[in-house]
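Here come two complexes built around chain A, the first alongside chain B, the second alongside chain C.
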Partner chain A sequence: MNFKHKYLFLLPGLLVLIGILIFPVGFTVRLSMSSWDSFFPGLDYVGLENYFRIFQEDSRFWEAFGRLSFLSVTTVTLQYVLGFALALMVWKDIAFKRFFRVLFLIPMMTTPVIMTVIWKTFFHESLGPVNDFLNIFGWNPLWLSSEILSKITVIIVEVWQWTPFMFLLLLAGLLSLPKEPYLAASIDGAGPYRTFIYVTFPLMAPISIGAIIIRLIEASKIMDTVYVLTSGGPGTATETSSFYIFIKGLREFQFGYSAALSFTYLIIMIISLTIIAKVLVRLMIRDN
Partner chain B sequence: MRKLYITLKYLFIGLWSMFVVAPFLWALSTSFKDFNSVTGGATYIPWVDFEPSLEGWKVLLRSPAQGGVNIVEPYFNSIAVTCLASFISIFLGTLAAYALSRFTFKASFIKNSDITFFFISQRIMPPIVLSIPFFIMLGKLGLLDSMLGLIMVYVVLLMPIAVWIMVDFFNKVPKEIDETALIDGCNPYQAFYKVVLPNSIPGLIVAGMFCMIFGWTDFFFAFILTFTEVQLLPVAIVALNSSITPWWSLSASALVSVAPLIVVAFIVERYLSKGNLSGALK
Partner chain C sequence: MDLLAKELVYQPGSEFHLDSMSFGMKKGEIYTLLGRTLSGKTTLLKTIAGLIQPDSGRVLFEGKDLNSIPVWKRNIAMVYQQFINYPHLNVYDNVAFPLRQRAISDNELRLRVSDAIERVGLKDFESRRIQELSGGQQQRVALARSLAKQAEILLLDEPLVNLDYKLREQLREEFSKIFTSEYSSDSILIYSSTDPMEAMQLGGETIVLDEGRILQQGPASEIFENPATTRVAEITNDPAMNLLSGEIAGSKVIINSKMSFDIPIHFRNLASGQYTFGIRASDIALDKKGYPFNVELAEISGSETFLHAKNENVSLVGQLDLVKNFNVGEKVNLHLDSQKLYAFGLDKNLASSPFKELARG
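For the complex of A and B:
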């Protein structure tokens, strides 16, 4: 099919997107080359100074990025494994199938910032139910104020919130799988374990990769959870990139520098996501 | 062996269900508490563990002047903004996705997949990055604290999701469908509208659901870009949080805010169970 119509389909969306974004993106680029802060507000021009500062002096940004990589890779892996397991379990006939399907979807529908407030009371170190229960055994873990546990708490909340996303994508994928490979597998006498390894998993690989990449994009923006739950603390134990950019930009009002941080972040993300996608394709899709 | 597997399966499902439900039950219980029952340590069952009070729920309907927060107006604002932004995103996103799935675009090194990635990459930006320039831009346009301004911003957030899901979906709808329609004398728009779209309802439902979820649950942009005129639900709820965290009203409002989307969950599940969603997602 060859006609001008194709542009009439594509362009409205593309132009609206570009039209709304052109100013914010252009402005951020320009801002990143200025030293705009609360003392000297104004678009002066300092060249790439902010970028040099990121690479030479700002170890806190790189630590935050390391922490973010750890948190997002861990949460997305857990979400994928758990989401896949749950999807497999409610895929075929089990009792109350439809009830469980709806139930498993619900956490995704809650507003993260509000639900995290509930989680904060849930993990409250003296008034929350978790420690109330653990007190029976004489434990009183500091869910929100210990360096290691606060990371685990963030992971628990993120897994609760977003496993349903994986679950839904993978369940929809499972439900659309063709029947023939399973017939063939059962004729060959393959057990459930081998059927999964050699039939289900390879067939699900493309969906899995898409879901993992989208989740990585979303998980890397983690902000609401950290902000409400720990405010990046204790110290900087749960401070992630976007939270650090938030601190520089909207707390310390170093707009120029935070714009430079954002662009550095964006470029690192695009490069690493491209690499991760390539690696996943290599690992999960075998040509045979 | 088989028995063991089934036992483990139900054990796992049971444990996960408890994990999913626990914070909701806790919120439900907390919403009937008052200051004293919260600060005395964890309590669970009304009448047994603590004396229930309706304070948490009443606050949600009281006007701010009386020390409450009226969530009725933010509720409708949220519904209006979410629905309108989702609709615009789905409309434009579906058209673009159809083009990306059916036609070949080529301009030097830019190909279809690059355009698709361009759409999706809009979601990589952390909201914080865009919030400052959006604030300046909407200020210049006089759209700060207005519904139109928020909808513009949400369209940018939601359209990539719609494009991502619909491109995958259209790739699965056989091309012969539109070709037959074109041979039968439809123009491309009629072919799209009369033949392809009716075959894509499951995809539209999934895309619509994701748009609504992401629109409904956004806090950051609504928080930065609106003040008093157009308050959205999450902002209104978080505003409850003052020097003393009112656990009871926050719990009540958390339950209230998730309610409309549970309806969405049921609709999606329905399509899922009928098998209509097969192929809605790659």
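For the complex of A and C:
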């Protein structure tokens, strides 16, 4: 058999790669150097004009990016803490362990958009059951139309929806930990708290870093929750980068500019997630 | 007695792991738990450590009931069969781990850790990660950790069993040096093993265990020389002592009506009748004038050959000081040194041993 045939076998994979990754990215880059919009459609060439506009004129994009960073870091931190706590709970021998393991996974099995609609109804300021209950104490918080509370509402829904994912990854990690260091730790005088700090947490560091990075990547794309829950409002209080790009591209049809926004966003995310990963490794794996 | 066990019972299934076990131990002494697999050695160590709660009975240390003290609050160190360390820490941090759980000054911690690491010969390995060490080195780290803790009770559960032959020999020597010359006199050291050689080498007091019970307790040499029962004789010898049924008839010892010896001097006080006679493998030798046997198996080990031989219904194992290939079925003549015979009564208890009678004589 001719050795050159190996390229033939690589061809299907290569075609798929070109079709779904290389071409779209290449086309986005090219599109970002055009002024294609609903008035003047076409792939003209304007150089880096769109990028200058992002960095010099578009403060709304950077505000959205700041908001996204805040929401991502907050939700992922809460998901990590809660997910770890739940995983630790069902990792130990407790009653109805299997029941709880399935129960904690239910939010992840639901359709996010539908659940967000339910949450929106839940937090509805005049008709929702949350305010119905709080009215008993004379409170009527504006869950969806207050600048601060709307962010908290988005955080609550995101944490509820995605904590199970973190729980699942961390539980898998906990179940794969060796038993021996725990035997040693108990003999060496470490109580439950110290065993967690000095044994469980460091042993879980590689899995934790992986889980946090996966969730940060996912959280940084947050779109459907914001779209359904607040539509970025009130004003731009919950508008995130992806939602802003969606508005520019698919509501205002500024394709060229939204392509430049997308590409800028992609580069920033790659750089920031790389830095975050390195910082996490340094913080969590001490010996390295 | 500083450490007292009273009527310890642990029976997780149908079999007893600890069966009404009671004993006392003193500080500054080395105790070896000697027994076959499943004799209850590990269960006993784990019970002392607090890793197992006995079904009944108590463990008292200096008058305090240990049963009510959680494992991490007991001042105990333990080295396991498996090389148990902290995989995410380097050698230094592994050894320092138990000390960091206590309020100890940094200076003292550094001194104790460095001292323990030096004692086990890992001075140049402080910053190495555990995965970079060999099995023997990993076990040295575990030992250093237990030494650094300076616990009042140090438990060693067959620490050498998972090492290769050469390393086991080497570490066995090093361990006994560390324990006999350097270990604190304020501590109780309990070492479990299946190997009688280790018990002899460590010295101190030996406790022979079988099926969760203590069969005999005393100085290692005393137990080796005068095993209280046939079972102890089997456990404390490797290969196990050959046990042959026979009788004393007048001035003769007759084994299986095939072999006959003049009665040895240490049997002179024994009445005629049925006995189980014991003879160590090392007290059997090739001799043209000996009794004929057929070779069933010959195992060469180092400079010795373990010869499994049979004469009709008499089977025995001889430990010969030579390296020789024997063919299966080959005829050999074996001499059993009657002066080294043990006699056990029908109740399987020791009736006479060469050492006891020789001492009297």
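We adopt the following convention: the second predicted complex is superposed on the first by the 270 of 288 C-alpha atoms of A that agree within 3 Å, B and C clash if a C-alpha of one lies under 4 Å from a C-alpha of the other, contacts with A are read in each partner's own complex, and residues count from 1 in each chain.
Everything below uses one rule, namely that a contact is a pair of C-beta atoms (placed from the backbone, for glycine too) under 8 Å apart; a residue touches a chain by one contact, two chains touch by 3 or more.
Since the structure is predicted, the reported quantities are computational estimates derived from the model, not experimental observations.
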Once the two structures are overlaid on chain A, check if chain B and chain C clash or fit side by side. fit
Looking at A:187 after the superposition, I want to know if it touches chain B, chain C, both of them or none. Which is it: first, second, both, neither? second
Pick one for A:203: touches chain B only (first), chain C only (second), both, or neither. second
Is A:281 in contact with chain B, with chain C, with both, or with neither (first, second, both, neither)? neither
Hey, in the superposed model, what angle do you get at chain A between chain B and chain C, Cα centres, nearest 10 degrees? 80
So, does A:112 touch the first partner chain B, the second partner chain C, both, or neither? first
Between chain B (first) and chain C (second), which, if any, makes contact with A:100: first, second, both or neither? first
Partner, of chain C and chain B, that touches more residues belonging to chain A: B
I'd like to know which partner A:173 touches here: chain B for first, chain C for second, both or neither. first
In the superposed model, how near does chain B get to chain C, counting Cα atoms only, in Å? 11
With the touch criterion stated at the top, can you tell me which chain A residues are shared between the chain B interface and the chain C interface? none
Interface with chain B, chain A side, in the complex: residues 1, 3, 5-7, 9-10, 12-14, 16-17, 20-21, 23-25, 27-28, 31, 82, 85-86, 89-90, 94, 97-98, 100-115, 117-119, 121-122, 126-129, 131-132, 160, 168-169, 171-173, 175-176, 192, 206-207, 210, 214, 217-218, 220-221, 223-224, 241-242, 245-246, 249-250, 255, 258-259, 262, 265-266, 269-270, 273
Considering only the defined contacts, which chain A positions touch chain C in the complex? 178, 180-181, 183-191, 194-195, 198-199, 202-203, 205, 285, 287
Please output the residues of chain C touching chain A within their complex, sorted ascending. 49-51, 70-73, 76-78, 80, 82, 84-90, 93, 97-98, 100-102, 129, 142, 145, 149
So in the complex, which bits of chain B are touching chain A? 5, 9-10, 12-13, 16-17, 19-24, 26-27, 30, 38-39, 41-42, 44, 92-93, 95-96, 98-100, 102-103, 105, 115, 119-134, 136-137, 152-153, 155-156, 159, 163-164, 168, 178-179, 182, 187-189, 192, 206, 213, 216-217, 219-220, 233-234, 237-238, 241, 245, 247, 250-251, 253-254, 257-258, 261-262, 264-266, 268-269, 272-273, 275, 277-282
